[in-house]
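Here come two complexes built around subunit A, the first alongside subunit B, the second alongside subunit C.
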Partner chain A sequence: MANKPRRTLNLDNIRIFLPSVLAVIALLVLGRYLSGRFLTVKNLGSILMTSSILMFATVAQNIVLISGNNGIDLSVGAVMSMTALLGPTIPMATVGEFALAIVAVMGMGAACGLINGAGIRQLGIPALIMTLIMAGVVTGFTMYVTKGRPAIELSPLLLGVSKTVFPMFRVLTLAAIAAVAALEIILRKTRIGRSLTLVGDNPRAAELCGLRVSLISVLAYVSSGAIAGFAGLMLVGYTGSAVMKMADGYTLLSVAAAIIGGTSVSGGRGSFIGGALGAIVFVVLNSILQVLRIPEGARYVIQGCLLVVILLTNNRSQKLRQ
Partner chain B sequence: MALARFLAKNVKRTTALPAVLLFFTLLTVNFFIMPGALSRSFLVSFLNTNTAVICLTMGASVVIIAGGIDISLGPMVSVANVMLIKLLAAGTHYSAAIPLTVLATTAMGLLNGVLVAVLRGSSLLTTFAASTVYSGIALLVMPVPGGSVAREMTAFYNGSLLGIPATVFFILAPYVVWKAFKRTPHGIRLYAAGNNPAKAYSSAVNVPAEKLFAFGFAGFSAGIGTVALTSSIGSGDPLIGAQMSMMAISAAVIGGVSLSGGYGDITGGIFGSLFLGLITVIVLSSNISSFLQQFVSGVILLLGMIGAMLFTMRRGEKARRSADRGGGTAHGE
Partner chain C sequence: MLRFENISKTYGQVRALSNASLAVAGGEIRGILGGNGSGKSTLVKIAGGTVVPDSGAIYLDGARTAIGSPKDAKKAGIIMTSQELSIVPNLTVEENLLLSRFPARFGILSDARRARRLSREMLDRLELGHRIDSEVAGLPENELYLLEFGKALIQDGDILLLDEITSALYDNNVAVVRSILRECKAANKTILFISHRMEELYSICDSVTVMRNGEAVGTFGIAEKNENELLTLMAGQVCPASGKVSGTGKAADARPVVEADSIPIRQYRKSVSIKVMPGEIIGVAGLQGHGQSEIVRTLHGMRGEVSIRIAGRPTTIRSPRQAVRHGFAFISGDRQTEGVFKEHSVGDNLAVVGELAKRGKAADARKALDAINVKYSGIFQKLTSLSGGNQQKVIVGRWTSTDPLLILADDPTKGIDVRARSDLHALFAGMAKRGSALVMVSSDDNELVSLCAHSDNSRVIVLYEGGIVATLRGMDITRDNIIAAAIPQKVGAGDGAR
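This part shows the complex of A and B:
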C-alpha cells in the first residue's frame, strides 16, 4: 500500500520536471549564444529574483488548480496589485512591525480568497467568473482607497527583500525556494496536502472518504489569496514603488507557469516545484526575447504559440471513444 | 386562466428570466437617476455602444452551450479592428474590407475550434494561449491606436434602415444564423454534445463537428461585433477587445447559460450583456466619485451574478440531476 503512491509520484516527477528543466537549459544556452552578458551572475540573479515573485503567484494559482472543480484564480494579479499599493502604507519600522505587515497583507488576500471560495462553493458560481468579478472588485477597492496614488515611500526592511545574500541569490529568492520546497512536502506527505489532491482528483470519492470537500476547496482559495497578498508586498519590495494594476499581468503568467510545470487543468494533479520551474522558463524566455529586442506583440505571439504546443502535448482531454 | 398558466409555464422554462429581470430592474433604477433614460435617442445610443459586446456574448454563449469556452473572442476583436482599419487605410473599399474582416475572425474561431475539438486541447487554456497570440498580432499590426474609417460606415451605423436603428441589424445577423441553425437537426445535437459528449458520441452525434461549428460561429459573431464597434468608434486600437471576452462570458452566465454546457440560450446572454452595459451607464450618470466607480460597478456585477445564480440554482440542479440519471460519467473538459 505504502509503496504504490510513492512509485507513481516518482514517475510523475520525471515527467513533470524534465520539460521545464530542458527548456531552461536550452534557453540559457541560447541566451549565452545571443549575448555575452546573458550568463553573468548579475543577470542570472535578477532572473531568479523576478522568477521568485512569479513563483509565489504560481503557487497561489497551483493550489486552486489542484483543488479541481474547474478551479482557477483570475484575481491573483489584482490581489497582488492591491497589497503592493496598500501594503507599504502599513508602518514597518521594526522587524516585529514588518512581520505584522506581512500577516496583514496575507489577511487581506485571504479575505478576497474567502469571498471567492464562498461564491464558488456555496453559490455555485463558476470559478472563472467569480474570480474574474472579484478581480474587478479588488481593483476598484484599491482605486477607491489609494485614489490612484502610487506607493513610493517604502520601509528599508521591505526593500531588504532584494538584498543579495549569496551571489545570484537574493533574500526573496531563498525565501521562494524554501517556501516552494516546504509546500511541495506538505502537498505530497501531509494529510491536508493529500486531501487537497484527492478533492481535486475525485470530489465524490473524497466525500465518501469523509473529507469535507467544501471546506477544503474554500481553504484552497483562501490560501491562494493569502499567498498572492504576500507576493504583492514582495513585488513592491523588489521594484521599489507601486502603481495601479502593476501586477495584473501575473494572473495569466501564473496560469501559464503552473501548466508548463505539469499541473492538470482538470484538477488533482500538480506540483509546486514544477510550477516554480515553469515560472523560471517564462522569465528566462521573456528576458531572451528582450535581449533580442523583439517587439511586444511578437513576444506575445511566441509565448502563446509555445503554450499551445505545451498544452497539446501534456494536457489533452480524453478521447470520446474509450 | 389558460393564458396565465401558459405564461407561467413558459416564463418558468426560459433560462433568460434572471437576466431579463436584472435588466429591467436596472433600467427602472436608471430611469429615476436619469429621467431621459427611456427616450429613443438614449436607447439607440445605448445599443450603439453595446452592440459589440452583445454580438460577442452570443458567440460566447453558443461555445459554452457546446461544452467549451472561448476566452480569445476579445483579442479576436482587437485583431479584426486593427485589420479593418489597416485595410481601409491601404485603400481597400469598405465593401471588400468588411467581409474580409468577418472572414478573418471566422477563421480564427475555426482555428480555436480545431485546437479544442479536433486536437482535444482544454478549451479554457487553449483559447487563453490563443488570446495571447491574437493580442500579440493586434499589437504587431498596429502598436498604437489610430486610423479612421470610411465616412459611409459611420453614417450607416448611426442612421437607421426602414425606421429601425442600423445597429439592430448587426445584432440580428448572428441571432438569425443561430436560430436557423437551432432549427436544423444539428441544433439538438449541439446541445447534446455540450451536455454530455460521451453520451452524444454514442448516439452518433459528431461531437467535434458540432463544437467546431460553435467556435466558428463565435468567430463570425466577433467579426460582426467588430464591424459595429469599428463603425461606432471610427478608429483602431490594439487593446480594444482586451476586456471583452470576460464581459461576454459573464453576460452569458448571468443570462442563464450554464458553464457545464448544454443548457441555456443566447437570448439570456443578450439580456445579460444589456445588464452589464446598464451598470456602466448607471455608475457614470450617478455622480459617484470617479475613484469609486469601478468598485461600485464591480459590486453591482457581483450582486447581479449572485442573484442570477440563486435564481437558477434550483432549476439548474434539477436539470443536471435528470441529465445525470442513467450514470453519465463524462464531464465537458
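This part shows the complex of A and C:
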C-alpha cells in the first residue's frame, strides 16, 4: 500500500501547468506563421519583460485568491499605478537609495493591503467591495498628491531593470523568475505557505485546528499590496515614463492569469508558477493580436471573451470531479 | 412499483454502482443498508435525476422511464431527499417547505392562504408547527432534516426516496417519521429508506436490501435476518460484534485534567459544570439541541471566553487556537464544513495540527495512516477521494499524533457506516488508553452505550434543557436509561440535579 516517499511534481501539478504551456507553444507557432519577425530573440525578450510585470501582479492576486473567503484584490492595478507615479519621486541616486525606494513602495502597497485585510477580516466587508473601494481611494489619493504629474527625471538605476543580462533575459525577467520560484517554494514547503492554502480551502476547519486564520488572511492582503507596490515601480522602470492610471488594466489581467494558471476562485488551490505561465499566455496572445494589427480596444474585447471561456472550462472541470 | 435494472455508474476511477438491480413494490417500505461508498446514495440520486447512470434502466410500473433531470423525476412522481439537504438558509420554514410546490391561483398568482394551510398541516404532522415562521438558518440540525422530509412529503409523489433523513434525528423525531411513513405505505406509496441505524430499519421497513461495492447483494423480509447477519452481508466478511471498549482502570488517584464550573448553555440561560479525569470517556446524551454541543464547542473556544482549570491551574480559553495550544482536540461530525480540506491531499489533511498549528516535526504520514487503519492508495491523493468513514479517520488522525489532553467530539460518527464507526471507537479508546480524555456528544444513544458501558472509566451524562439531569455509569448505561433521562416527564429523571 505505502509506496516510497516521492516529493517530485505529481500528476496534479502537471495537469495544472499543461494547458498554459501548450497554449504558449501554440501561440508561438502561430506567431511564427504570421510574422517572420515574431520568433526573434529581441521580440521574445520583450515578451518576457512585459510578462515579468504581469507575473508580479499575478503573484499579488494569487496570494489573495488562494487565501479564500471569496478573496480577490481589485486594487492591484490601482496600487501599481500609485507607486508608478509616486515611486520615481523618491530619490534613488545610489544603490542604497534605490533599495530604500523599493522598500518604500512595498510599504505603501502593504499599507493598502493592511487596510484591505482589516476591512475584510475585522469588519466583514466582502473582499470584492473592500478592494474596489480601495482601488478608487488609491487612485484619488494619487491624483491628489501628484496632481497627475509624474516625476520628470527617472533614475538610471530604475531604468536599469530593463537592461539585458543575457539574450532574451533582462534584469527584471530574472528577478521575476527568481521571485516566482522562491514564493512557490514558500507556498508548498513552509508552514506559513501551507497554512495559507489550508485557510483558503476551509477557513472554519482551519480555525478549529488552531491555525491563525485572521492573521494569515490579513497577511495575504498585506503581501499582495506590497508586491503590487513593487510591480508598479518596476513598470516605470520598463516603460520609462509614468502616467495616471497606467497600470489599472493589470487588475483584470492578474485575475485572468491566475485562473489560467490553475488557481481556484474559491480558494485553497493555486500556484505561482502556474500564474506566471498564465501571464506569459496573455502577453504572447496580446503580442499576436498586435501582429495581426488588431486595434487596442478590440484586443481588450477579445481578451475579455477569452477570459469568460476560460472561466467556463475551469468551472466545468471542477464540477466533473464531484 | 419502482425497478432498477443493471444500473452502473462510475465517477472518475471509482465505480459507484455496478449492475445494481432492485425492485420495490407500491405500499412497501424498503430499507437500504450498506457501508459508505456502497452505492446507496448514488442509486437514489439516479432515480431522483441528479445523477445520470452510465448504463441500465429504470422501470416505473413496468414501463421503462428515462430520467435525465430532477424535473423528469418529479414528473414521474419520484421525490427524493438529499443527505446534503436542499434547504435555503435565509428563508423561513414555511417558504422552504413550499419551495418546490407553491399553491397558485390561475397557475400564476400565489395563493398565500392556501399555502399557509398546507404548510401548517404538514408542520403539525412533523411536530414543527411552532417553527412555521422561523428563519431556517437558526434551526437545530434535526429540525432541518425533518424539514427536508416535509419538503419531500408535500410534493405528494408516488415514490419517496429518503437518503439518511434520520441520521441527525432523535428518537421522538424518528417516531414521527415512522408514523408518517406508515400512512404513506397505507396510501400505496413506494418508499426507499436509507439509514445506518439498524433499529430504525427494523422498526420502519418491511424489507431490506443490502448493498456492497455498488451491487445489491440481497433483499430480505425484515424478519428474515438478524442484525449481525445483515452486518456480515454488508461487510462481505464476518463482522465482529460491535466495539467492545475498555478504558484504563486507574483514575482514582489522578487529578482532573479539565474542570469547568460554568459552561453557559445560552439558549436555556443555564450553565453546566463538568470535571474530566485523564483517560476518561464521557458520553453526552440528550435530545437534540438541549445543550450537548454547547459543552464541547464552548470548551474548544468557539463560543467566546470560558474560564476553566487545566490540571488545577485557572485558564481562560478565548479561541479555538488557544484551546488547541492547551492540548484540546475538536472533531466535528460535520466533515464537509468543519473537518475536510477538500483541495488538499490526505497527507496535508493529516499534518495540519501537529506540523502546522502546533509547529511540531513532520510525522511519518504513512505510519500514521496505517496506525489508524485508513484505506488509501497514496498520501498525495485528495482526501475527498476516500470514503466518508476513511475521511473521518484521517480527521481524527490529525490529532492523534499530538497526544491531546482532551478530545472534544460533536457527533463525530454521524453518517458513517457501522464498520468505520467501530474503527473510530477503537481509535478513541486507544487515545484514551494513552491518557487523552474524551468528551463525546452523540445523537445515537446506542453508540454511547457501546462506547461507554463496558468501561469502568466512562460515564454518560444526559442533558435536558441545558442542565445535566442524569449521570450513568457502568451497567446503568443502557439505551432505556438514557432515553428515560432525556425525556424527564416520562420518568422521574435520574439524578434530577438542576
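Convention: the second predicted complex is superposed on the first by the 302 of 322 C-alpha atoms of A that agree within 3 Å, B and C clash if a C-alpha of one lies under 4 Å from a C-alpha of the other, contacts with A are read in each partner's own complex, and residues count from 1 in each chain.
Assume a contact is a pair of C-beta atoms (placed from the backbone, for glycine too) under 8 Å apart; a residue touches a chain by one contact, two chains touch by 3 or more.
Here the structure is a predicted model, which is why all the values come from computation and not from measurement.
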Request  = Tell me which partner A:Arg191 touches in the superposition: subunit B (first), subunit C (second), both or neither.
outcome  = second
Inquiry  = Looking at A:Leu157, would you say it contacts subunit B, subunit C, both, or neither? Reply first, second, both or neither.
reply    = neither
Request  = Considering only the touch criterion stated at the top, classify A:Thr139 as touching first (subunit B), second (subunit C), both, or neither.
outcome  = first
Task = Figure out whether A:Gly210 sits in contact with subunit B (first) or subunit C (second), or with both, or with neither.
result = second
Request  = Please name the chain, subunit B or subunit C, that touches the greater number of residues in subunit A.
outcome  = B
Task = Check subunit A for residues that touch subunit B in one structure and subunit C in the other, and list them.
result = 321-322
Key: Touching residues on subunit A, where the partner in the complex is subunit C   = 1-3, 6, 10, 12, 191, 194-195, 197-198, 200-202, 204-212, 264, 268-269, 321-322
Inquiry  = Going by the contact rule set out above, which residues of subunit C touch subunit A in the complex?
reply    = 11-12, 300, 302, 319-321, 323-325, 330, 332, 337-344, 348, 351-353, 355-359, 366, 369-370, 376-378, 380, 398
Query = So in the complex, which bits of subunit A are touching subunit B?
reply = 70, 72, 119, 123-126, 128-130, 132-134, 136-141, 143-144, 147-148, 252, 255-256, 259, 265-266, 295-305, 307-308, 311-312, 315-322
Inquiry  = Please output the residues of subunit B touching subunit A within their complex, sorted ascending.
reply    = 69, 115, 119-122, 124-126, 128-141, 143, 197-198, 201, 207, 238, 246, 249-250, 253, 259, 291-299, 301-302, 305-306, 309-310, 313, 316, 330, 333
